[in-house]
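For reference, the structure is listed below as structure tokens.
Chain lettering (A, B, C and D) follows the sequence in which the chains are written, and residue indices restart at 1 in each chain.
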Amino acid sequence: MDSRPSRFLPRRLALGAAALSLLAASVFSQMALADEANTTGLAVTDTEVTVGQLHSATGTMAISETGSIQAERLAIEQINASGGILGRQIKIIQEDGASDWPTFAEKAKKLLVGDKVAAVFGCWTSASRKAVLPVFEKENGLLYYPTFYEGLEQSKNVIYTGQEATQQILAGLDWIAKEKGAKTFYLIGSDYIWPRTSMKIARKHIENVLGGEVVGEEYYPLGNTQFGSLINKVKLKKPDVVFTAVVGGSNVAFYKQMKAAGVTSAKQTLLTLSVTEDELLGIGGENMEGFYASMKYFQSLDNPNNAAFVEAFKAKFGKDSVIGDVTQAAYLGPWLWKAAVEKAGSFDVDKVAAASPGIELTTAPEGYVKVHDNHHLWSKTRIGEVQKDGQFKVVFESDLIEPNPFPKGYQ
Amino acid sequence: MEWLSEFGAIAAMQGFNGLSVFCVLLLMALGLAIIFGQMGVINMAHGEFLTIGAYTTYVVSVLTEQYAAFFGPYYFFLAIVLSFFIAGAIGWLVEWAMISKLYQRPLDTLLATWGLSLVMQQAFRSIFGAREVSATLPEWLMGSWNPTEAIDIPRNGLFVMGLTVLMTGMIFLMLYRSRWGLQVRATVQNRVMSRAVGINTKRVDRMTFALGCGVAGVAGAAFTTIGSTGPTAGSLYIVDTFLVVVFGGASSLLGTIASAFSIAQAQSLMEFFMSGSMAKVFTLSAVILILMLRPQGLFSIKVRK
Amino acid sequence: MNPTLDKFLGGKQGAIGLAVLATLILVVFPLALDAFRLNMVGKYLTYAFVAVGLVLCWGYGGILSLGQGVFFGLGGYCMAMFLKLEASDPESTKIQSTPGIPDFMDWNQITELPLLWQPFHSFGFTLLAVIAVPVILALVIGVAMFKRRVGDVYFSIVTQAIALILTVLIIGQQGLTGGVNGITDLKTLMGWDIRDDSSKLILYFINAFLLFGCILIGRFILASKLGRLLMAMRDKEERVRFSGYDVASFKIFVFCVAAAFSAIGGAMFALQVGFMSPSFVGIVPSIEMVIFAAVGGRMSLLGAVYGALLVNYGKTYFSETFPELWLYLMGGLFIAVVMYFPNGIAGLWESHGRKWLGKLKRQSATPAKPVPVATVPAPNSQPRELESTP
Amino acid sequence: MSQPSGFKMPKPVLAIEGLTVSFDGFKAVDDLNLYIDRNEVRVVIGPNGAGKTTVLDLICGKTKATAGSIQFENRELTKMREFDIVRAGVGRKFQNPSIYENLTVFENLEMSYPKGRTVFGALFFKRSAEVIERVEQIAAEIMLTDNLYLQADLLSHGQKQWLEIGMLLMQDPALLMLDEPVAGMSVNERAQTAELLKRISQGRSVLVIEHDMEFVKSIAHKVTVLHQGKVLAEGSMEAVQSNPKVIEVYLGH
């Protein structure tokens, strides 16, 4: 109320002018700074390189994205501790997408245009990725996206560090068909694009490759909490395998009600795509004991890389923290970027993107990964069996699988 | 023959499922119905009072595990009682600080309680973290009961059912057999007159609101057996709850029961024959259509104005 | 002054208020903000359409709709469908199994453009649909509810349920709607690249002018007998009915107007933000839009615009700076406004700002000062907070 | 009721026959017959709960009848919507003064002007000279000329009652129904109101509910006594007052 009316207009104008002159100044200073590691005006100095981090710290998705934020920070810290990239320390600008897709798009633009970050680590849901994708393509940014997702996408501006759907699904189905002699499948998902696309791929594979039969396919709205009717239908159809991609709050309700209805691992084989250690915290290991999950990483993986990673993660974020598939994939982002920058000898997005295919990481907690020409990762798929304590016991490990985001015959 | 008996088993379980959904809906809606019936106010933070109950249960569960493992199998009863009192006490405070200032402005109360729900959600997030948590259920609440080989009746479903019957019965007794209930009903009928005959209507309102919130707390505690516990878990239930109450009509508890029953049966049945998403759309649309035909809800008493 | 013009402008006070807001939106923001921030303000202003509509139907008509997101969303989807068809020409979609249809349809094994989408090839039809689809829905809801006298809380809850139904439907029919991801990657409007900074500037101004158009229409409605009837209905519905008025038809009308405003906002949103998703249709965004109107002042058309700007700016600012605090603030602000300042910023300005301004005027010895300068702080605390924007 | 052509017996303006309404089994109005003639001032009296207000509610469509008919100038009101009943020429004043308190007296009267009643009619309604003239004329009638530009909530209780009557007069109804028009008025105001009623009953029928017997005496052409939803007695004030059944009902309990 005490703002002075007479000063109001001039002040705004002055601010506008100041903004313009700042812009000009920054353009010049960047030109002056340009060297061969940075020819496109990114926020890179001789000692520092700025990257962005774009996740939901608030809102409904904060539950899921916290792990990714932590993992990326850990990786960047470790890189800085080991001397940084091309002699420069990484500085993070963190932006909150607030579980809101236009906010993601806005913040992406801010990071790329305003902050001129060299790379962005971020997004979790497909919706947020779809929202920022046009921004990254238009402003020529580089996004490292950690979540396993439905595929059907490939961009020169995105490196997908999680698995695309076929990598995660096919190996899992093959294993369960062979190991359990499964012929009939019941497919259940939350009602959005990732489960639907995944189930479509699963159905094709079951029908055309495994010679099995899909006896039911069901989608429930996100946030649904009543699964009694569905469970009865499952009982009626008696499938060899229940194959699920249920997410969020529904997940907890679904497994608790399965257990309560007597559908336990003793009677029913179940394979899921969507339950990581993070989700198990909410569901409770006892409610899913003996069920299987198919993904590329479990916290219990037994290798030296992973042991070091888990130890470092717990040292930084508390001994009770758990690490799920996406968290590990997020951890890969900064390391993959470092390797590509060093290979390209430059932070320029075009050069880094071009250098990325073929980048190998032997130090990944999940083991060995390699960037494919299509910007997805070669990775192994594991089958984990849920233990009562909320961890998985790895019961199967596939060979290295080629990423195939546009799978012919599965669309 | 075998097919027939199997069909019978499924039918039995499906029937139970309908009942179980009914009880869940009723238990969530009871608290809201009491408040709505008494004050004509929709408490948009109702879901968060459910969540208070859920977190109370979680905390009791963790504490029991750490300090009193022997108490393990029984902690749930303590959790329910505590949930009632904690949610009720917070409800009491909310009525005192907020609702009581907004009588005569039901739409504003609706908005203010929505603001409250935001604050409460963030409070849960600050206190318990953004991630979902899980209370360890005692063994006797897990798994299923098998009257025959083929039939599995969920024990948590039975438990929720029992609790619902108990709560509904208690509320009925309180409303229709106690002095307090008489005061409540008198206040609903004629606030001015009630005040004139010496009823402390302010206190009646406050107690009613607190009771409604307390019942929500109990529901929240019970729902840890079938659903998730997280900062926004309550919001999963909220629209269903509103519809049950509005569909039932403001004036009677019986209406709420009938409405919960019909919505539950419709939903349970439709889910059996079609996909969950479409079942939801059809159920909600049917409720809205009927509401348009009977704007005052299923059970409304025709009153002479 | 011409009486009709006067009706639109709302008298001298109204004209000044409008001039101040126009200066702020048409001059100050474009000069002071960079393209990125200006685009954000443009986005906020699309919400202001909804808030302005809510002032009419909630503030004056007493109809609290908790489902305005439905109309915002329908307007936005109609526009997004047109833009998406344009972005999906056979050339740029040639890697698909069926080129020439939107990418998400291709992922859903749809091989032919659905009938529902066909007419959206025409821009004229799209413009019509942006308004007509939401208005027809509002009409249906309005007729069904108001003719049967579904009032108050019942109406609010039913609109909320409709918002939920539409969200579930959009998400469920992803082959038709793009599902939870929405319709993304919108590029051009009849060959004109809407992603450029320069085109965004033009869109910003179109948006602003449309908003002022809506405000003027709102003013005209409120200044007419219909406006007085709305208020009369809110306070004494029976009296109005027994004075021979069909109360329901007035409610339906104002509800439809609010729906149309929201839909224009939605369409402008799709144009400026470049996508549309079900997350603007549901319950939470719908209630947030009520907050904008409540904070700005439910009885003030201009206040609604300030409310939308202020709350959204606050949301961006606080969620960047204190993400933890944001929800506390938003919730607390809302409770405080509803409880203590039911007329929002506009009400505060009426009760305190004017007095203070009057004092200021008396102090300054030169009353001949040009009016706009003296009244620039009309939005009160507003400009101060927004100064940190650039 | 066939009438020989040529000979015109004055047909009642309002003919209520067999009117019944029940709330959950309770019959508030029970098989009621009531006829009101043109230019008649009829007063309905009766103890509390006799169903007086309910009868008005039924006529103006606020409450829907369970059975029976209400004929108003040969139109069946029970099937009509409220605002159509008003437009047909039935005006009703409520028990508590029901006016728009934050509008001026002028605006209150203007709102009842029977033009611009549709949505678009109201949107493009203009305050023409005709409107102003009519408002001023009515204001004079209800003795509020001096207060024309006063906000209505500043009026005295009695003046508010008059204003509401004035709002009805704006519509020029053929049947005017007043629910306790002098409740809460001073003696002086009562007398003025009685005069007002006499003036305005020229050319229209008036149906009044009232408790104040002095007032009733001063205005009524005919009195109807309701009891438990039925007509107990009907006739001149004197005849009714001496009717033993009426005395029993009023004094008996």
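Of note:
Just so it is clear, a contact is a pair of C-beta atoms (placed from the backbone, for glycine too) under 8 Å apart; a residue touches a chain by one contact, two chains touch by 3 or more.
Everything numeric in this text was worked out from a predicted model, so none of it was measured.
Note on connectivity: the fewest chain-to-chain touch steps from chain A to chain B number 1.
With every chain reduced to the mean of its CA atoms, the largest distance from chain C is reached by D.
Overall, the chain located most centrally, as judged by its C-alpha mean against the mean of all protein C-alpha atoms, is C. The distance from the centre of chain B to the centre of chain D, each centre being the mean of the chain's C-alpha atoms, comes to 48 Å. Chain centres here are Cα means. That of chain B falls 34 Å from that of chain C.
Each chain gets one centre point, the mean of its Cα atoms, and the points for chain C and chain D are 45 Å apart. Shared contact sites, meaning residues of chain B that touch two or more other chains, fall at 125, 275, 277, 280. Among the residues of chain D, none is in touch with two or more other chains. Among the residues of chain C, those touching two or more other chains are numbered 168, 171-172, 324, 326-327.
Touching chain A in their complex are the following residues of chain C: 28, 31-34, 36, 39-40, 43, 95, 97, 104, 106-109, 168, 171-172, 174, 179-182, 184-185, 187, 195, 273-275, 277, 279, 315-316, 319-320, 323-324, 326-327, 352-353, 356, 360, 373-377, 380-381, 383-384, 387, 390. The touching residues of chain C, when paired with chain D in their complex, are 220-221, 224-226, 228-229, 231-232, 235-236, 238-247, 249-250, 253.
Per the touch definition, chain C reaches chain B in the complex via residues 62, 64, 144-145, 148-154, 156-158, 160-162, 164-165, 168-169, 171-172, 283, 287, 290-291, 294, 324, 326-328, 330-335, 338-339, 342. Residue ranges of chain B in contact with chain A, taken from their complex: 6, 10, 13-14, 16-17, 20-21, 24, 125, 130-137, 142-144, 146, 152, 154-157, 225-230, 232-233, 236-237, 267-269, 271-272, 275-277, 279-280.
Remark: chain A residues 60, 62-63, 66, 191, 218-221, 223-226, 228-233, 235-236, 249, 251-253, 256-257, 259-264, 278-279, 281-284, 286-287 touch chain B in the complex.
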